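There are two complexes below, and they share chain A, which is joined by chain B in the first and by chain C in the second.
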Partner chain A sequence: MNKADTILRIAHFSLSFSQQHTSVQAVDDISFSLSRGQRLAIVGESGSGKTVSCLSILNLFDESPIAHSSGQILYEERNLLDTNAPLINKIRGNKIALISQEPMSAMNPITKCGKQLSEMLRLHSNRPINTHKNHILQLLEQVQLSDPERIYQSYSHELSGGQLQRVQIAMALSTDPEIIICDEPTTALDVTIQQEILTLLAELTDMEDTSLLFISHDLSVVTQLCDSVIVMHEGRIVERGPLPETFSHPQHAYTRALLQSRPTIKNQNKVLPTVTEIISGQYQERPRPVRQLGEEPILTVKSLTKTFDKKNHLFSRSSQTVVATDDVSFELRRGEVLGIVGESGSGKSTIARCIAGLYEYEGQISYLGKAVNPKSYQADLELRQKVQMVFQDPYSSLNPKMKIGPSLVEIIRQHQKVSKSVAKSKAIEWLHSVGLDETYYDRYPDGLSGGQRQRVCIAKCLCTQPEILICDEAVSALDVSVQALILNLLDQLIYELGLTILFISHDISVVRYISDRVLVMKEGQIVESGETHSVLDSPQNAYTQRLVDAVI
Partner chain B sequence: MGRYLLRRIALLIPTLIAVLIFTFVLHTYMPGDEIMERLDLEGKSVSFDRAQYSQSYLELQSQLGLGGPAFYFGLQPSHQPSDARDIIPASYRQRLLQLNGQVKNWSKIMAYHEALQSALMAHEKDPSQARLYRQLNNLERINTIEELRSLSVDLPEEAAELKNVIGQLEPSNAMILPSLRWHGLDNRFYHWVGRLFSADGRVSLVDGVPVADKIGAALRWTLSLSLISLILAIVLSMMIALWQSWSTRSWAVRITDGFMYAIYALPLFWLATLMIVFFTTDHYGSWTNVFPSIGIKPWMLGDSAIANLGVYAKQLILPVFCLLLANMSYLTRQLRTDLKRQREQPYVTSVRAKGVSRWRLIYHHLLPNALVPYITIVTGAIPRALVGSVVIEEIFNLPGVGKLMLQSIHQSDWPVSISIIILVGIVTIFSYILADVLYMIFYPQIAQSLEES
Partner chain C sequence: MRGIDTIRATKWYQWLAVGYLVLMAVFALFAPLLSESFLGFAPNELTGSDLYYTAPGSVEQDGRTHLLGTDRMGRDVATRLIYGTRTALFVGLGVSVISLLISLVLGLAAGYYGDRGVRMNSWQLIWIAISAVVSGFYSSVFGFGFWLIGVLILIGSIAYLLGRLSERRISVPIDLLTMKGIEIFKTIPGLFLILSLFAIMRQPGMLTVILILGLVSWPAKTRIVRAETMRLVSSNFIKSAQLSGLSDWRILHRHILPNVLAPISIAVAYTFTGAILAESTLSFLGIGLPEDIPSWGAILREARDYFAAWWLAVFPGLAVFFTVLTLNIIADWLNQR
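Presenting the complex of A and B:
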């Protein structure tokens, strides 16, 4: 890396957000540079300041009255932090483009994709306007979209996440920028599509020698795509270096912690180390608790079929039916963890909701020989008590206006006739069992981290003393370190309480770590099932093979 | 889109029927007896020959279609008659029905009614029986069995038959089930609707002027008042809200916000009254007296339309300004909030990263997205503009639709008031259709869900 090649240099950059009386230091004195053709990754957990620093490169906080920055971001000898609006607008999109995380929400919902693409050309390109459409159709073809004309005429809600991310890539490439900033571009996508998008990005940026600044929390994605890496933790850069050397010989404890706390094959038989344990040097390898697997089925699902009708109105004749699950049968044995993997739309969550009695269905679901009937379910408290569900997003599944303790007490008193004080002491017991102390009893969910919230959600499920816990992508929204904590907690709870768990996830490595048996689903059907290791280590089905291959 | 619109327009029919039924109910329960008023006008009063009065009353009643049951069908307690409209006056009928509520036997009540009436008619012209006649007259006002019985003790021998009939009235505690009765076409609602659309319903009861002419003349004022102020309010609110989101001078934005809030909170009638005092009188010096005094100059038929408009314009400035302030502050605050909300949407980051200017971001990306609630409010204001300006019309003494409505209600001029209600109903439906069309134009997602529904 010689100096002439450097196109972007960040020097002693800091950024803080002031809120009412406090100020939060989001980025604290970071410096790095990016050279032509380089693919630089910035990794870190949520709140590490990685996204904030990258948006600052485009000076996107210039209108925010609460953001205060210092230091320099140098591009073409110019400090972007104090460039005036017309000039920076010549750089945004034109020289430095952005591909953002959620393709669904990154597009203006009421403008056709074609028009949004051509806006980019209108702003930055000298081509005559009547050639714009042709150019855009070429770009759409370049990002391997099969029907460019249709995409051109579509609104964002008519396209899938993968298609939209390709449109965003096409948009970023349309002006031949020197740098593309990718803010977790594949996080919201299915694994197989993630793979395709990464390959596409690599190919296209190689052709033009474009530099890539790739933000991600996913270390394996980064290893695959980038040539060097910066690890950020609490607003600071803790480690930097070339890839894959940095990850194979991590110097800083935090990098080591990130790498080791993932549920990998190496960790299969160990309690997962957590980030704090590794940083403080207290981690000691210890074996996972052994599960008591029963043979008797606790829950049987027989030819479960669930279809969704698009609503019909008085005057309309047409009706569309979407088949979410198609003739699915399996059984859940006492004490086991049954994993269900599949991509979005494969019907995993539908199964969970049918079992929890939230949907009406065709077929049979029986819990200990007793049919799960969604219509009488409201009355059938016992069944509801025995099957509980942990949802994906701990941020939206807690009532923000209700303190944690009372929300537990409410549930306990719903199912058991006990006095308030008894219920309170029980609630505190359950908080202890998920690793939270009694100070949490009087707190609102507002001040809690994602991991703490998910613990509360699990405690809420446990206080009905369930037999079966359904985890619907329960760790997918969490950072690696928190994920490890929750997985360890589940492991321990299975051991202590003899829980049976239905674990739904799109993340193969998590499912491999936690489950005893696994079902692979595609388009509403089970394509493969069996012992976790036999299925995932030597997949028989082509689709399973693809899923497993997509995980590095 | 076409099919959807057809369906929406087809909805006009059930809606209109509902509006008709609603106004019919209101009309029926309005105090006053139209037939009695008409007979009074003809110089026939109740004190006039009893038999003849009731005959002419009943004749007029059937002529106007005001007799018979209320609707095509009815659900009533089975002991109550479906129709007692031939018993007059209404207050006496009401008392008979109350008595029937105690006796629960309509034929006995009818026997009592006939005996009482024949006795009344027999002794009406006889001065020697004046005391008996007063006694009988008094019986007409009784609505409980106990009282009726105690009074009947005093009746002389001449009314022996009546005494006998009253003796047979006995309170009953029988359980009465409701029964559903089919009345057929000969009902008041049916005749009422018929009258509404006949020549009778097209002329004002007060001065015989065709209803269409009256409403037309009033519409000329209301439309110029409401439409001008609404259009100006839309334009101004857009300009102000856009400027507010564009401006970087936060103090100026905050002052405008506060100003809009203050106007929004001001009572309209108070502002209007102040303006009248200030601008149309010499109270604060002659220099403030720049507008003609309130009220209207008639439309000069001889003069050209432009000359007339000139006269109008000066008179409309103050009321239009008042309505404008009210509408504008509301619309501005709404659009400003929605623009702010759009500014926080995740797509804004990616749009800004494209390098669009501040103005382009606001005008091309935020504004179209923020228009959904705005469209809802603006189209919702259209039916209100028709009669909602009644306060302003009253204060500035403009003969608009709101004022006409109020007047016709005061004067029991039902052809006018009911026509206005129906007009407002139709305009409301069409403004909803307009809102849907605008959504379809601006919002592909909404269009899709509307098509599918």
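Presenting the complex of A and C:
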């Protein structure tokens, strides 16, 4: 890498946000450079400062929340931190483009995609206006969208997540940028689509010799696409180097922790190590608790069908019926973890909600041999409450106006006639069993992290003394290290309380780690089922094959 | 970014607004004491016959001073302003409470139960329909009063008992009814509605004014409560509360209500302002409170009769102006937090 090739250089950049009286150091003295054609990954967990530092390159931060920023971000010998607005507008979007995580919110919902693309060209390119449309259609073809003319005329809500991400890539490419910043561009997408997008990004940047700054928390995605990596932790760069060597021989303990706390085939039978354990060097391999698998079915689902009516138009009377699950049957045995995998829209969450009683449905669901009323949750309340559910988003799963302790006490007293003080001591017991101490009793959910919140959610479920716990993408929104903690916790709870778990996830490696049996779903139907290792190690169905292949 | 509170520093005028509000409360609470000991006048005391329409600062024969002058009948304006504070606060508070109660009951029910959550048997339906019409009619003929609440409780408990007669239930589209009710209500111009309600009343007192103003100011807040409730119902923490077996009542008052109160408190502050303004308007038009209750609007009305008496327009006008400004500042403040 010689000096002339360096197009972006970040030198001793620090940034802190102001909170009422104190300031929080988001980025602490980082330096790195990006050369032409390089694909540089920045990895780290949430709060590590990876997104903040990259958005600072584009000056996309408001003045007000920033207390202090120092250092230099040099592009074409110019410090972007000091650049005035008209100049930065010429650079961003034009020379440095951004692809963001949420393709839906990155597009203007009331303007057609084609128009948004031509706006980019009008602002940044010197082409004659009458050639714009042709150029855009070419771009859309280049990002492998099958019907460019239709996409050109579509609004963002008419396209799928994968299509929108392609449109975003087309938009980023439209001005022939020198650098593309990708902020978790594939995190919100299904695995198979993620794979296609990554290949596309690799091909296109190769062709134009564009540099890529790729922000991600997903180490496997990064290994696949990028040629060098920066690992960030708490605002600092802890390790940097070429890929895949950095990941195969990590020097820093944090990098090692990130790599080892992911569930893989190798650590299938061990308790997952946590980041603190590895950094402090206290991790010892220990075997996972052995499960007591029963043969009797605790829950039987027979030809479960759920349809949604979807209104087409504001004024049209006809409505379209969407089949979410189509004639699904399976059984859940006592003490096991049944994984359900599938991409978004495969109907896996719908099953969870039908079982929990949040939806009405057709078909039959029975607990312990007793069928419940599909139309009314209230009718079989006692039976239903043996089933509890942990949701994906830990931030919306707790009442922000209620302390954690009282919210547990409330549930305990609903189910057992006990005095307040007895309920309180029970609540503290449950907090202990999910790994939180009694200081959490008097706290509001506000200051809790995602992992802590998810623990509280699990504690709340346990308060009803359930037999079955449904985890609907319960670890998907969490960082890898936190994910490992929650998976360990579930493992332990299964062992201690004899819980039966229905584990729904799109993440094959997590499902492989935690479940005994697995169902693979596609478009509302079960395409394959059986013992986890036999299904995922030697998939019979072509779709399962694709899902497994997409994970490295 | 999550978890970071953006509480801004309190501005000087916000402290001023709080101070003004405290001062108003003091005036309202100690109105008799203040006017007796400092001004020496009673609110409806008619002073000497040659002292009507006297300018601020004029002195009585016995040495008492009319700080802000007198009105058409020689009553002391400063005293009436102080007593008017009492009226303004009373009306503002009463109207806010009544419209808040109506909007909470309707909004929570509509938002939580939607069109299918409330199920009644036909006996209950018939009973509630009949009693609603009958009690509505009689309460408008005999004037509203607090006995209305007793009647509502009676109707409710009989409806509850009727629920045991039959198990066949029909779902009541409570959301649809509430929203259509709001739409119908909104098609009638506000002032027109108030005027026609006052035309029905024979002798409007303070309570009538509060009830009427309260009854016309619920729709906007009901909509806010309903929308907020619907948002909360679709959120995970309400779902998990339902799954853990908590009763509807518990979910409503422990989980939804505290989360609804924050957004609705802003709307209530604006209602408070609106009520004070509306009461002044009505008194100005001469159809609101009876003559013997001092109110800012009533003093303003007297300025209409004698234009040269500028003090009759300026002082109560300023009082209304500053009160409304203060409450709006406080409402904005609540909005930011």
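Quick notes on this structure:
The rule is short, and it goes like this: the second predicted complex is superposed on the first by the 535 of 552 C-alpha atoms of A that agree within 3 Å, B and C clash if a C-alpha of one lies under 4 Å from a C-alpha of the other, contacts with A are read in each partner's own complex, and residues count from 1 in each chain.
Keep this in mind: a contact is a pair of C-beta atoms (placed from the backbone, for glycine too) under 8 Å apart; a residue touches a chain by one contact, two chains touch by 3 or more.
Everything quoted here is computed from the prediction, not taken from an experiment.
By the document's definition of touching, of the two partners only chain C reaches A:Gln414; chain B does not.
Touch criterion met: A:Leu123 reaches chain B, while chain C stays clear of it.
Look at A:Tyr441: by the touch rule set out above, it reaches neither chain B nor chain C. Residue contacts after overlaying the shared chain place A:Tyr359 against neither chain B nor chain C. With both structures placed on the common chain, the touch criterion links A:Cys461 to chain C but leaves chain B unconnected. When the two complexes are overlaid on their common chain A, residue A:Arg92 makes contact with chain B while staying clear of chain C. The residues of chain A shared by its contacts with chain B and with chain C are 65. Of all the residues in chain A, the ones that touch chain B in their complex are 55, 58, 60, 63, 65, 85-86, 88-94, 97-98, 100, 102, 105-111, 119-120, 123-124, 155, 157, 168, 171, 310-311, 313, 315-316. Considering their complex, residues 1-7, 235-237, 239-247, 250, 254-255, 258-259 of chain C touch chain A. For chain B in complex with chain A, the residues that touch the partner chain are 7, 248, 250, 345-347, 349-358, 364-365, 368-369, 442-445, 452-453.
Taken in their complex, chain A has these residues touching chain C: 17, 19-20, 24, 65, 356-358, 377, 381, 384-385, 387-389, 391, 393, 395-402, 410-411, 414-415, 446-447, 457, 460-461, 463-464.
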